[in-house]
């Protein structure tokens, strides 16, 4: 099957979109025209420069409405598997009955990133938006290493404490620092022969499961993640690995 | 010469742009992914779906930041000729000395359009933002026909009063009604053999000089037009035609 | 937050408005219009189109000789029915076909006409009253939520697209849906027929379109647990007829201004005065809240200068509504947030004006319109202007809150524009829910001084209008900077003096005692 | 709009804060840190890097034996200069090369050291005082415009990109430019050197970068007819040194909090207390306005719960600043607009808190931070949140107004984000310029009740801290929900007890009489 949809303004398939951007040129009518031609060159049609003005001496700002003919076949989208979430009792029961011991989980904000609110939301007792964090589960033995943890330090910890699941957070993404840090961790675990036996989970507002997979992680969790989703995922995977 | 520029986020040539649009599908993570793939398919890179959420049962709304590699050569932009503006005395003097009579100008909001504020701003004594309107000039004998003037009525008026310059306004643009009305007027003037001897000027917030030219008009004036720009244009052109 | 305002000035203004409108109401009592007569036929049950797709009510009224028409269409119809025994519908078809001569029944006694129409009149009231009762039952069962009531427009031209858009908006939180009419429908001297899918800048107001939208919103309302109100436009050459079909199809509100058509559409003033009165008689019975159009003063002229004219017009609209028997709770007086955003302390002036209206008309469901004129293509700035408008509205307890669209200067709203506008209002109105209740104005401060100034100027304006008469005032550019002659404008030929034997069963039933003295 | 607040509670809170900080200030009088000593060298004129690109001040202080260091770097340097006749620079190069043994001059009498340093100390004050005078002259000639002063950040990592962005922002209306430091520079126990073009989440604070930005803003200021202020971050392991170079390069403000490093960067508390004091002595002399970091409490915990902690911390920051001789006009206490946007009447709570700070610290140039934590990828909603923040700020007369960015949750600001933020603030602050002055709070209303509650809780918190001592309080999660041990954290090994012969020429000149008793 194939169902192609397009952006929607007020009529199906009208392809209407809003764009805004800056051009590094002083504003004049010619700048409006440059904006229009630029958006046309991108393949849009019905390009209307709704606003164009100077925002600094050498910079102009534009608001543009335009239409696109490009559509997307939504049946071809590989939707991230809908993660079914167990409650605390469910996770605890699963781990107790199938694994018979607590899963050792280490969490950290690696590299120079000091944004701990996200990883804390997942790990701390308190949790996130009414959903309790991993510390609350009997199924987990948790270590929250905190912020700005060097990759080497985390790997050492994983080895020394025989950690089962590593949760790493990256919030700062400027200049690709998140990718660099995630990659460094995956590579070092590999080099130390720890990758096989640890579940490796990435998180942060710009993380998607797809991105995590590309980086060689077992899963990725993005904005708005609830701790129970993560708990369920870890429990299921570790149990599966123990009883393949 | 050729100077190619690209959209600017925080670094020259980073190509950063903001987009927002609706997709006619319920929100889910798959919808975010559809939005991402759609923007990729448009040729953007570094596509980040900053926000995705349901805005109604079958509709999702997205805010996306992405980068484009497409640039525009600003030296190739045909800038609309910078219109130099005379003051009232200048226009009056030009017309008095070179034409020796007042120019007869008729203005109207044609079709079903009732947005007279724009054409009034150009014609009425009071003018626009401190710039007096055409009625204030001795160089012009003005007739402001007002709103919702049928094309036939306007053409009749042009013939009966031997109008030199016709100013037409279109503010409503929905479903191309502006283009239809502008075109109908141009064609009827042509059919009645009046086109040659009348200066035909279009105006309205979506009008550009380029659009007007495409429609066979002598000029087009868009948002923010000052009456003196229009006055100068009419005076110069009519004088030129009288003394080619 | 209460302004210390001069209550005696408010009382004087109200008294002046009553004196200003009294002679006009008297004039109304001696005249009728083709539109009033067509509305009468519609209430009696006539619908459909005839030859050349012309609506049957038009065909019927146009078929009347002037002298017959002067006695009212009801008499002519009743006579024909009494004499021929045929139904309203059959007679109307015959009129359309030209196979019946309505003048032929001139001799039928009035009593006979009245008798034969009586069941139709009763049926009309049953239908109107049922719609009203249905609304009340809905509101009791599915409360619409607290004011300011979020009001958005749909305007695609296609009623089916509008329907989807309206339901989506309701889901996003809209409490009132307005279907904007096709550009200048107010100038059509008839009501178009059937479901329509083409229009410019809006969708035709037709009875079928009303029905389609009403059904969709009722369904959405059930699903959302909130009754969704529906509104449309009456003002214009077909004002009484639109009031009639709106009453039948359970619209909840109608744009209905006593002077809008005159000032902004160059409709003849006598025509408008007569039409607005009859339309409001119907609105009153139907429990429909009218929305007046004072906001229009502000879109063509400077909003600071026009504030007194707005207030004066609100008093006049109120007086006309009272004359048609409307209770305050149905009089949605209009105002708008149109002061130049670049003006220092413009926000204070907006608050002064909004709160002044609130206190001058304490029981009226005020209608508050968003910034439009000063909106530009800069959607980000526009969205912030709308936020301050939303704040002003919740602070001053406005009732009917038209949502501002960040794309106001660009296009008629996209689905997403409405959703973002609703989100803006919901956020602002929730985070600042009791802000207005928690503050007071500094005595004699900028806000109070501005309110006092507007009130004093409005009073002066009303005094001037009273001394010269409303029609003369309109002839001399008193309102909206435009002059309209009493015999000029569109639709003048549709106004006629009533014969002394004129009667109209609906007017008789609805007119407040002594109003058309 | 004035809150009726309990002035005696404010006075008690202030007195408590003085009592809370007094023992800490006494502790400071008995200790020094490597950073204080390095800053002393910088003030004396030392700059540049040596082996392994390590800054010369670090090389110098690290070369001191603990016992020598305990007497202060000034004594060691003065002795070496007096004995060798060499310049500061030459000696520092020798230290770097390891060709001089600083312990060799231990016998040089203090008076000789003092005498040889005297011209350098004088030169330092001449430079600092000249910068201050230059600022005052600029401000007189090119007034910066009325508060709230619009403050935007640049943070590209590249000082040259930052420069373009800063100039563009100034053109768009910014009055203060902050160059955000590279992520976690606060953890560097030195000040990086030279112009830098790489950084994460910000641009390194270096003396050369300060100079580059200062020059660009002076030029832009001339062109625009407005002096543009420049700010950067001091708090961290190099706090005193950054204060020193900022004084030399005429920065106008500095982020400088007495507890930020402890709570949010796990820097040792003794280290921070000593460092903040010395850095503020310098800031005071330089006329630099400090900005404290109370906003940080609100980004990690609930803003409604944390309001009392914010107020208590403001009192503590004020007391520490007073102890360093800062006048109120230089104490930019921090607060932020971080209450959950979905909370009913959250706006009222924000106003209560902002106005409470305004009245508790009537002469302080309050620093007001925008919504950050609750900003999402929905830039439209975010822009509206920023608008209400802007409104709150102009109403409550905040001084230093950090602009909120609609893209807060997405990326460090684009050029256009800053321009749109400035446009938002200018519009709101102009249209509502005197709104705050034109209203009063209802006595005992929601806003007043909230303010009273926050004040009472802050007082209770301060009482508790006073009874247990500040260091113990910090050890037991009293602030920001985090516990920090008095001997734990980063940089603890850089703190040392002063020998009784310790002296520091700058401290002596700058310490307010009796402060370090």
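In order of appearance the chains are A, B, C and D, and numbering begins at 1 in each one.
The definition used in the following text is that a residue touches a chain if its C-beta (ideal position, glycine included) is under 8 Å from a C-beta of that chain, and two chains touch if they have at least 3 such contacts.
This structure is a prediction, so every number in the text was calculated from the model and none was measured.
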{"item": "Label of the chain whose CA centroid is most distant from the centroid of chain A", "value": "C"}
{"item": "Higher-contact pair (C-beta pairs counted), B-D versus B-C", "value": "B-C"}
{"item": "Whole-Å gap separating chain C and chain D, where each centre is the average of the chain's CA atoms", "value": "60"}
{"item": "Distance from chain C to chain A - Cα centre to Cα centre, in angstrom", "value": "52"}
{"item": "Distance from the mean Cα position of chain C to that of chain B, given in whole angstrom", "value": "34"}
{"item": "Junction residues of chain C - those touching two or more other chains", "value": "376-378, 380, 409, 411-412, 414-416, 420"}
{"item": "Shared-contact residues (touching 2 or more other chains) in chain B", "value": "8-9, 16, 18, 20-22, 48, 59"}
{"item": "Residues of chain B defined as touching chain A within the complex", "value": "5, 7-9, 12, 16-25, 28-30, 32-34, 37-38, 41-43, 48, 59, 68, 70-72, 74, 77-80, 206, 208, 210"}
{"item": "Residues of chain C touching chain A in the complex", "value": "156, 161, 165, 376-380, 407, 409-416"}
{"item": "Touch list for chain B against partner chain D, complex", "value": "8-11, 16, 18, 20, 48-53, 63, 65"}
{"item": "Touch list for chain D against partner chain A, complex", "value": "157, 167-169, 171-172, 183-184, 187, 200-201, 264-265, 299-300, 373, 376-377, 409, 411-412, 414-416, 419-420"}
{"item": "Chain D contact footprint on chain C (complex, rising order)", "value": "1, 341-348, 351, 378, 380-381, 383-385, 387-388, 391, 406, 420, 423-424, 427-428, 430-435, 437-442, 445-447"}
